[in-house]
């Protein structure tokens, strides 16, 4: 795959697990691609036992990880030649999610500048009646070129 | 275990993996307890393949998860009767960590008020020559009592 | 004024400067009330010389101050009996505003829980074509009662 | 003044108000320079009536503004040729400060990379017995050159 095919690669997994990713931790999170367009992703995740904390609910660290991962995937949908690095994530926690629940991450671009991208990610319960968490991330364009991915 | 034994329970794992935790995701992260005192933990983690991103380095989401988890464990060292919930995490990313590296999380209390706790977590490489990331978290005391843990 | 009249007090300044506030710094910022409802304020500010930085543009510190002040005013629109304290503000900066420009702050509630309120404030240029900055604030209810304001 | 003289310009105001700044809002804040070195400033401020909120204490927006301003001044101490812009400020509030109090802002560099600078600012009461607030800021180097300042 070349960098110009990144969005198309996510889109062709619509409705199913994104198994072809080269990121081992993304495979561990195991998103199902609900929809994908430039700057906007909807991924769903099923909460497995190993994602729980000692209360038996979705661990806040896994929430942070889901947000970080969907945000980075969102930047890849611009099919740009240069890598971005995440410089910060802020996660606000609002609601719990239970074991075996499906949660739904939706990203959107707040601002895409020349060097910086600000992205928001809302994590909802499956029916979108409760906002579980909200993340804000900043990514910075590097001068490192993507060759084959 | 009762809530008054939380710090002692972490301390008795000093120098080894904290296998006895009831948190499945903490077991997945698999910290080694380096030291533990009231309000101050040092945990080490070995970066496994499934913690990597597509660049083959430690995934930013796992960094966020490590910070979230050590911070929550730090609050437990106060042996308090009531549960705390994390209301926010902010993670600033500075350096990369490679596969099979050992990383070292060190927490410290910024401010512990009546209701709120502000905690910082620095994530270092093993020799503490590079700061990989820095997290700031806020936790709020709930009115939910701990019974047996 | 009693605490039950806080929203009405803002509303009766609609279309003009909020001169009757008892906050000296709010008077210095000198908002014009565009609209006010429960949990949602629109205030406009004219950028004066003393609000500028050395580049002759709106100082980032004044942007932060505008966001902090509108957010606190927004919490007052719930007409609640107890004081809230701001526990944190995060401000992301996107665009500049020039001297004598009018800027428009719009607040909205992200989540209002039993103890915590999460509020967002977007600061726009007058025509709302550019987002100047975005703030996220957390406020915590105290047990201190309001008597007369 | 040229950009190579920025640190020296702050240092020569040690022990007195920084009246010569070209920033009108910095003059309004009116810091006294306690000490200045590369990447590290200590400024003191006296809380005036117009800096207060409706409770008669230091307004949280002025706290945010002090932090934003000292942080930007800290970046100038590197005497670099290119302008930086602040991309974000996060302020955590811990204690109140009263009218006519002196507060003390101390900055330190968390990480200075090629493009990004992360700076911390602690705001203390005069005797440094209470931390009033803590700020974390990110600034990004632009490609805009400083000519005369």
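By written order: A, B, C and D. Residues from 1 in each chain.
The rule is short, and it goes like this: a contact is a pair of C-beta atoms (placed from the backbone, for glycine too) under 8 Å apart; a residue touches a chain by one contact, two chains touch by 3 or more.
Fair warning: this is a prediction, and the values are worked out from it, not measured in the lab.
With centres computed as the average of Cα coordinates, no chain lies farther from chain B than C.
When the C-beta pairs in contact are tallied for B-D and for B-C, the bigger tally goes to B-D. Per the C-alpha superposition, chain A sits rotated 180 degrees relative to chain D, a value rounded to a multiple of 5. For the pair chain B and chain C, the distance between C-alpha centroids works out to 36 Å. With centres taken as mean Cα positions, chain B sits 22 Å from chain A. If each chain is reduced to the centroid of its CA atoms, chain B and chain D end up 32 Å from each other.
Contact of a single residue of chain A with at least two other chains is seen at positions 87-88, 90, 92, 138.
Residues 90, 92, 94, 110-111, 113, 118, 131, 134, 136, 138 of chain B are the ones touching chain D in the complex. Here chain A touches chain B in the complex through residues 21-29, 49-54, 59-62, 64-69, 72, 85-93, 149, going by the rule given at the top. Those residues of chain B that touch chain C in the shared complex are 87-88, 90, 115-116, 138, 140.
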